[in-house]
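Consider the two complexes below, in which subunit A is the common component and subunit B and subunit C are the respective partners.
Here is the complex of A and B:
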């Protein structure tokens, strides 16, 4: 039984939307059913989906995507300060500015390919980060980070007669406060829209062209096709996704700091995408969720919890086990992250989606070939 | 004139570090074809060789002297390092010269680490795409720096230079300026000379030994060298070890200039990659020249006169140069055709 691709996409989309919207209930058993973390899942999911449009489809490995996230955050906070606390203009502007910034950087970086491209994007991101920390302090508020202020003008809010009084406002959608679950559902709706859009891009002739760029750029050039506009378009789109994610970060917590642009942050989104499976639709969201989940769980662990966890062991063994495993949790969460990074690249370069597909195929074969073709939820990567 | 000279000098020590790291990166890239994002971590590990050596020889014996009292009324603690009580003045000398002496510890350690890294991880990635090499070595770099962080803590650990090199050298007098104009910390000058001699040693090794000849041949055309029946695998392992030593030694000697902490490798790595790209992927002289050039340019950009005209230029000058070079001369200053172009 094989479905038409359009039918299958629709089913995937519906299931995806259902899972995202039911997330507070579904993730409760694993201890992730609270809005702060769910918001992060959704936001970094958007970030990773966008990164995947560039890396997964065209194969250009950008090491500077955090710059767009940071720019998006700054834009959103400035929109809050100057125009309105309503999140809609904030994320629209964040998306646009992120895209414009990506257009400039992409225009230059895409003149080169391969590792040169990675270094160029890295150079630009580090440049933005350094500038945000130093000279651009009037715009970015340097080390402290950009924050809201009671005395902000908020022209639109004033024009519509909204007065926040003497408290520090938080963003709200026409009176609906954007913290807690309403904030999550706002992000969730945006995530579903972004997922749908990515799906359309993957299936479009444009997406096909991007995959052609990845599999053999030379041949594309020989056929007389200028590939750069396509790559640039992909770069800008992924920059817009990153800007949007940055804007949403500011919506849920109106604060923007330069450390969001640091290159370790760029590395993180690369990891999310690879972990989930570059070039697949669902993979990046899965990767983003896993990384943020484990970050949250692992960094909350401490010796007390570990001691309780290894209670079944004899005492000396218990201490040894705690000593070893405490390297990997709490402050040492990054060690786990790095090790995970290596394991995934070494053993599963196709990411979790590849693992799932392999597993499904294996089960299908064991079941006497009854299932036949695996009901792959994600399109196969090209090349 | 003397201000300019001072800035050139200022850039030389940092440039030396960039050049040494970039040299190792280029050797690894040229022979093994691997983009090693963990090279900064090797620099950092070298620096922590110095830290471990220092703390090892400064282990102290504590004796309580009941005849003397401290201000709090407790017996006075007399601390004496074991090496001092064992070897007397020679021990004191050893502690004083701990940074240069730890070079001797760093050489075998870094060689072992390099070989272990190549055999255990890198060799499985020769045939894999560059993107995967970048990612796996990036992961390794994170792991290494987190291990160092959990052992040595997150704070920088200052390492003093030997007493003789702690002072300033009035460099200007030697070349005819008035006294007091071009004053320069002695250790930085030593670092520059050190990096020059390491660069010289590596180049001599590559030029005048038959091993070096094979390595150069391998950089020019790997396949043919393999076809000639030379055991490339074994040599490449040693090449990786040598590159690790170079990075490690650069790290050891840099500790008095910058107190080592766990993320110093990452900070230098990004810049060193920029250096490699500016110098031209696969070109050893290019890497060295670009290292010093960017070091000097960076120190010029941090002059107050320059910053007054272009605020913030000191933060971004290296990246800016890299962008310009890559756009104007895509192969870098001395890059060869056909390297990394597919």
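Here is the complex of A and C:
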């Protein structure tokens, strides 16, 4: 606790990187150690980190971030179709287009604050969704989703003499297939880089300025400082994170669907950030992991699995236990998530990170025999 | 001491590190994705449990469970007793007991693919089946082709599933909009004449577009006009804003290219708006629902009386296969199965039978056993899995909402059984390429 902030950040970064890279082994016991879910953890972690740069630092609550995710996905799939199946151009373009899209929407939406800002972003996201769903179908292929074709031009691949033959190509990094574990490690490296970048932003004077925007924007304006460029920069950066995440979604699974832009997807990233702890560095990643875990694992529990789980009970009790618990798993996983969200918001307003910090402080107090060291519970300083 | 611990640790590590299977199995055959090693084989049932098609999804899951029971030798055997292929003996498949995992597609391509990936990567599913939306079916079919597992399409009616977007690893038992159009055309002509003006309301995705195209094609051949074709979002819930313009459009037939709860809602609202009591151009206004299902008809209640449509199968059919299926489904669940349940039950049985006949679960082997396979006794009469596009060809049922239902399940009556020859088309007509089978890793 008495370490210099730089040292602390470095330690957190190293531990974070180690945990992310060891995820396939670490998450095996809880049934999450398979590539698709691990990829989702990493990708939505990036999405949530980016969202947190806007929401956690400036306090602007955007309800339309899924639009940037979707734009990133469409950009990446089009890059695959037109240029190359290599993921590098795809994610670079996805990030840039996500950022450009955010600059346009941010420029208009940031004229308002508070609830009006949220509603504006929500409206823009819904517009984008509807455009993708039914108006721009030549570009987006509507509800079916944009998919690869054997007959796509892929000019860069052709120029380098790469031929995929009669099968449908999948994205690969210079011969390394981007589905399965290599795809996860690719996302994991990007996640660690994004985490590092977010860390630098949090500690920089720019990050301090964003926090000042959050705490009292009027006062900033009265001192003669124009805050809008700062807010817009934060908005664009978080849009680029979202675009990058969308691009990675397409890298690991070359398909882009309009439902990625729906308001429920925008709401999901808000949930992730709040669940994990808005304004903290690690929180959003934890929140993203938790929600994706629920969505993929809890939703797959069916009565057969529950029956086996409650095997130790007598038969009548077993049936009763299954009847009650089946409400909360399978198609009822939203219910569990909702209950968990309520508990966290009521008892741990700082999200999971507050819980962890309290736990650490409690252990520290016990271990130190009631030492006088002040626990670092303030979310702003938490790693 | 240190050395001994280290040696022991090394020994344990060595024992753990089993060589990859592809080197241990027979040299002439590399492994394939999720090759079953133990005493069980895992199938993945990926159905909508939430969203506009949730009712169909629930019925599909019931049918899958019933099929697994029958394949493993439980229950009364259902259609295994009437199926012309006698390869399955009620002791699982290739000596392995069939187990399954389930997932929710949410009627969304993204969610469906995530769920299918979980089944393939985590649960080791060797085959994915299900889907109640063509958009989802096409997305999951592409995924299964990439992953190297077989996809047995559930309820998907778009031409594209075995047309433009067909894949070698994908197979469809259900019929498509082209067949619906070909079967409905003559019946509509008899019922409504050849001088009609049709107004389409179409679910805005691959299936809706496909059905709108097919119905337009066949009704315009009869001499009908198409006044307008309006696209509505999937799962819209309220269709009143789309139905109001129909009243003043001059059209005298409304074609509802909707399915599931969408169809229940749009049909109910169309009837409530008094469309059926209207007279336009001196003719009674008519509504047509090209793809019908008993579940939907039940949902729409009174409103379906006298409305024409087509269906893949209906529980009131009197052949031995249908009767056996209705009996065992009814005994287990207490009500008759829907067409969604029927097609998914058939798909599970056909897959298991093909594996048994091929003696392997390898996708290319199973595919070869399914392609061109001719069979009977599964409720649709003589049926063929056409090798050129992995589409089943069989008779199509034209049905009508019953005027005097005798029970709440007895809501449809079969008007005509259109013979297979009349609905058949060349495989090249719909485009697309099967490509090679993919066995995966």
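We take it that the second predicted complex is superposed on the first by the 365 of 383 C-alpha atoms of A that agree within 3 Å, B and C clash if a C-alpha of one lies under 4 Å from a C-alpha of the other, contacts with A are read in each partner's own complex, and residues count from 1 in each chain.
The rule is simple: a residue touches a chain if its C-beta (ideal position, glycine included) is under 8 Å from a C-beta of that chain, and two chains touch if they have at least 3 such contacts.
On a predicted model such as this, the values are computed, not experimentally measured, just so you know.
Enquirer: Pick one for A:35: touches subunit B only (first), subunit C only (second), both, or neither.
Expert: So A:35 only meets subunit C here.
Enquirer: Mind working out whether A:133 is in touch with subunit B, subunit C, both or neither, as first, second, both or neither?
Expert: Once the two structures are laid over each other on A, A:133 reaches both partners.
Enquirer: Mind working out whether A:360 is in touch with subunit B, subunit C, both or neither, as first, second, both or neither?
Expert: After superposition on chain A, A:360 lies in contact with neither partner.
Enquirer: Just checking: does A:92 make contact with subunit B only, subunit C only, both, or neither of them? Give me first, second, both or neither.
Expert: A:92: touches no partner chain.
Enquirer: In the three-chain superposition, say which chain, subunit B or subunit C, touches more residues of subunit A.
Expert: B
Enquirer: Under the stated touch criterion, which partner chain does A:118 make contact with: subunit B (first), subunit C (second), both, or neither?
Expert: So A:118 only meets subunit B here.
Enquirer: Mind sorting out which residues of subunit A both subunit B and subunit C touch, each in its own complex?
Expert: 133-134, 331
Enquirer: With touch defined as at the start, can you tell me which subunit C residues reach subunit A in the complex?
Expert: Listed in rising order, the residues of subunit C that touch subunit A are 49-50, 101-104, 108-111, 113-115, 117-118, 121-122, 134-135, 138-139, 142-143, 145-147, 160, 165, 204-206, 231, 233-234, 433, 435-436, 438.
Enquirer: Touching residues of subunit B toward subunit A in the complex: what are they?
Expert: Touching subunit A from subunit B are residues 35, 121, 124, 128, 130-132, 134-136, 138-143, 146-147, 149-150, 266, 270, 273-274, 277, 281, 311-312, 315-316, 319-320, 322-323, 326-327, 330, 340-342.
Enquirer: Write out the stretch or stretches of subunit A touching subunit C in their complex.
Expert: For this pair, the touching residues of subunit A are 31, 34-37, 40, 133-134, 142-145, 147, 150, 166-168, 170, 179-180, 253, 255, 257, 259-260, 295-296, 299-300, 302, 330-331.
Enquirer: Show me the residue ranges of subunit A that touch subunit B in the complex, using the header's touch definition.
Expert: Spelled out, the residues of subunit A in touch with subunit B are 59, 61, 108, 111-112, 114-116, 118-120, 122-124, 126-127, 130-131, 133-136, 263-264, 267, 270-271, 274, 327, 331-332, 334-335, 337-342, 345-346, 349.
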